[in-house]
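In what follows, subunit A forms one complex with subunit B and a second complex with subunit C.
== the complex of A and B ==
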């Protein structure tokens, strides 16, 4: 079920604060490190770059207009998968 | 022969059934069209007058996306996700289930027929 509209979008407060600080300082190229993968991407984040933590490191995410409404976590994959050893053998044949 | 929405030529069947042969029109959309145009659902396509066929064609053109247009639209939606680099896009690229289903077993619709793994027997 989707979230009730009356609650508004969920964003961790520190993400908002950091984004605002970067906006005011004018250095919009800086990577804003965040751990909050659960936060919604808001219209005021467009054009900023966030380093979204994936459990190991911060993945730089350039926020574009199309990303609004989705969560930061969607842009920072947490799993690395290189395929099975057997798959590679099968391909060589 | 009745040509509706480009290449589709359903003939001797009842109108609502025949319309479902068009990509993007299922039973309920077919019913909607018939009601809007005012054709009886028990009649067959070859009993329709040219004017009725024309009005069906016009209704579809005006109100629905079907066939090639629909397919293109779907493809664009998928492509948008893939270009965005989001999780759903990655799943589309890999041809794996997009909506969080398990992949340990099943997921054969997306993954295709099971591939035998060499030397897996006990």
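== the complex of A and C ==
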């Protein structure tokens, strides 16, 4: 069952505080370390980089518009699969 | 096989006509047949043609493998293509195989470590740099990785505050 709309999206308060502090300081490139994988990504987080804890380390997540409404934990997998490089490509953004 | 990239592995024979069942490691699995001539672990070079997709991989035909017994003998061998067979990429796009092994240095010239892997968890590509044996994930962006010098075998990392271990607060709220 989905969350009731009247409650609004859930975000841990400390995540909001940290994001606001970084925005005010203007250092938007800083990695904001968070442990709250359950928090929803809000529009005011776009452009910021969060280090989302996966139980071992903080995975950098650069928030873009397409991520709004998802949870932080979705971008920080708890298991690492190395696989093969083969012909896979990486794009520098 | 330093100048080669591993495209897949032979899982065994397929059918009785000398076809092979291979597992593809390519980004687009069917692309394993796009590189023409391939090399096996034992040094054999042969042309590879994809016949059809089968359960768990692809049925392929390898020139010089006429029957099932010959195909069975190749089980477990990896399939390699020469790095030069991969098509050229536009600026700011790199093959994982080119990035892995590069030395990461910071803007002051100090060596941070080596690139161990490249990940994509849905929020952009990340370089896994081993700093003193510990993995550090570096966002692969122009701001954080301003220079990639493949010929010199190095890349420059300008880590933002909070990226390296020990930066920022490390205690959960």
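By definition in this document, the second predicted complex is superposed on the first by the 80 of 93 C-alpha atoms of A that agree within 3 Å, B and C clash if a C-alpha of one lies under 4 Å from a C-alpha of the other, contacts with A are read in each partner's own complex, and residues count from 1 in each chain.
By our rule, a residue touches a chain if its C-beta (ideal position, glycine included) is under 8 Å from a C-beta of that chain, and two chains touch if they have at least 3 such contacts.
Since the model is a prediction, treat every value here as computed from it, not as a measurement.
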Subunit B versus subunit C as contact partner of A:67, first or second or both or neither:
both
Is A:3 in contact with subunit B, with subunit C, with both, or with neither (first, second, both, neither)?
neither
Determine, under the contact definition given at the top, whether A:27 touches first (subunit B), second (subunit C), both, or neither.
second
On the A-aligned overlay, A:75 touches which partner chain: subunit B = first, subunit C = second, or both, or neither?
both
Which partner reaches more residues of subunit A, subunit B or subunit C?
C
Figure out whether A:38 sits in contact with subunit B (first) or subunit C (second), or with both, or with neither.
neither
Contact residues common to both interfaces of subunit A (with subunit B and with subunit C)
64, 67, 74-75, 77, 84, 86, 89-90
Residue set of subunit A touching subunit C in the complex reads 12, 14, 27, 29-33, 35, 49, 51, 53, 57-64, 67, 74-77, 80, 82-93
Show which residues of subunit B lie in contact with subunit A when the two form their complex.
80, 84-88, 90, 115, 117-120
Looking at the complex, which residues from subunit C come into contact with subunit A?
5-8, 24-27, 31, 86, 89, 92-97, 99-100, 117-127, 135, 137-145, 148, 160-163, 167-170, 172-173
Residues of subunit A defined as touching subunit B within the complex:
64, 66-67, 70, 73-75, 77, 84, 86, 89-90
